[in-house]
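First chain written, first letter: the chains are A, B and C, and each begins at residue 1.
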């Protein structure tokens, strides 16, 4: 018969309940590592996230009052240049991918962009080293910006393509009907409508590369001093954290916690803004 | 300022767009060629023995990739295995069970936060907080308390890759047609039985692809692994051993390598890493296409 | 006249969703081994009514269901819904065989899902007899262990009926079972319904008046959550007592 004993039914209901509780537990248990990470960073970092941190230069070992000034400036300069390279180029590529669907290079370009996306971060560092550090004979902030720009490129290109493809054709038609040509239509009509999507992609890209360390290891390399010359080695927040983290000096570790807190706030802050820009 | 006519601007713009396509392809090609070209010295001098060589002694001129390939595969596989119970739970919980918008948003934000934390911060936290825990655990077990090593790296990697498999997993589970779920319920199934017999088989290829991609992510992860894996260039004998992965040995040694064969060997390691990552990614994408995995 | 025995008795059923009343204090008794059609304009509550009979509303927390459904000395509202669904089967508007299971396993899906173990002989027997009952056996016997994705809509729906029948339910609920099918497949299923009623009591929601007149013994006419009229199909269609019933029938008839 198709009906069951009460016993068997209860067994099934019990298994169901256990299963539900188990996956609920495993799901929320991820709060533990996240909580631990955020907790320790905030706890250890907040004490040292002070004026000294922001305004002072790194101090020699054993001295207090050191700061991350050069690293903060360095991060913004390196990421700034990377953005300047990646954003215009990425937007152009995105428009190309979205608009020139029948062009013979379209598929190949798409494959190139997807390949770029899958490359491990340290490999960008290697190539930037070969192209820009070796020939010039020294580490430079510029080589780091190049590596980071390559990392950011697919994000901007994809965001642009995805956005532009969603724009209804009628918008273009209206522009053409008024006598505008392709260039004017794209720049003055289509792109402004894409701003939200592109900005979101740009913000996400920036937040990712701000936290990247591996491509900087043998390009920007780091610098104990303040440096505004993009052709010379430069310090950056992730590099500072990496170097100080593995050091045995307490003052340096304190600064590393503060830098981690600062970096996390910016990175997570930017991605939250990026998500809300879409709305 | 040069005055360019509208017609010229238009033509220039279209050409620029097309050029950007060519430029990108050219850039990637050059990228790959650079890697291959600079591995050439090591490829030609050491060729196949390099792949299977277990000794990495730069000072003696011995270079072998085996310790790092093994380190990479071991940490990534272990990370994947550890992550599976959590990622499957989250995929099913968020994709099938959770109707409450608040809880759903909370868990999705949790995933986004985990994915957004920079690798170097995971590494720093791992070094400061996780490694001491492992040390006391190892002391209790009576093994050498390195703290750093395969275990530490795998644990951190597991946390880092969960958001990737969940992101695809929850979508495929959510897209199981409600028709099928209702049919199963009407036959008397409990939610567990619906998930086990209907939802998971239906979305299996998507779940699999998501985990393949998470695996690829683990393989290419650099900083967090570098900081907690212990930087030891020997084939690890146990999970408690310090080791190195392809990415971490490059991170550790590239800056100081001067001998051309040394540098070339490191770059060849990078090439191997790129090959493994690309293969895994292609497999993942293939599964998505071949099995028509339904996503938004 | 054949004796009519009541199989399912609905008493004072009220169903509301977020303060909106769909079914208002409805009582109706369904007869054993008869086909009862439930009809009415959109929004009258016919699908809501039929889905309450196998406790499908349990899935949606915003549904408030009050009243009793009496079946063989049990109040179906008070026992575990799984037990209800093991005794009352359902076939849906759009055919929904499980795509990851073979045709063979689809028929046995109720047993698989409920964790009921069967011997291979028992399985073969059930699959064979159910597929024969729905007239599908000869059409699929060569591919019985393959997945049914190549089956036509009508075949898929008959498979779903076989799947429901495999559990030996006392009552079979059909929610507009032919509305997604072509006329030929529809006729086949209507013939099937006529044969099946000797083994199982059938309650069918339909918006197709001709179908109701062809297939059903009794017809219930619902309007805005109320049971307006309930009688033998012959009576309803020839001498309806309520004006609303008459209007509905005549408007549809043209």
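Quick notes
In this section, contacts are C-beta pairs under 8 Å (C-beta built on N, C-alpha and C of every residue); 3 or more make two chains touch, one makes a residue touch a chain.
Values in this document were obtained by computation on a predicted structure and should not be read as measured data.
Of all chains shown, the one whose average CA position lies nearest the global CA mean is B. Sorting all chain pairs by how many C-beta pairs they have in contact places A-B at the top. Computed centre separation for the pair chain A/chain B is 16 angstrom, with centres defined by C-alpha atoms.
The geometric centre of chain A is 55 Å away from that of chain C, both derived from CA atoms.
With centres taken as mean Cα positions, chain C sits 50 Å from chain B. In chain C, the residues touching two or more other chains are 82-83, 86, 110, 114-115, 167. Residue positions 190, 193 of chain B are each in touch with at least two other chains.
Shared interface positions of chain A, defined as residues touching 2 or more other chains, are 12-13. Those residues of chain C that touch chain A in the complex are listed here as 80, 82-83, 86-87, 110-111, 114-116, 166-169.
Contact residues of chain A toward chain C in the complex are 1-4, 8-9, 12-13. By the touch criterion given at the top, residues 54, 56, 59, 61, 82-83, 85-86, 89-90, 92, 94, 96, 98-100, 109-110, 112-115, 160, 163-164, 167 of chain C touch chain B in their complex.
Note for the complex: chain B touches chain A at residues 6-7, 9-10, 12-14, 16-18, 20-25, 27-28, 31, 34-35, 38, 85-86, 88-90, 92-94, 97, 107, 110, 112-114, 116-125, 127-129, 159, 162, 190-193, 195, 216, 219-223, 227, 247, 250-251, 254-255, 266-267, 270, 273-274, 277-278, 281. Across the complex, chain B meets chain C through its residues 99, 177, 179-180, 182-190, 193-194, 197-198, 201-202.
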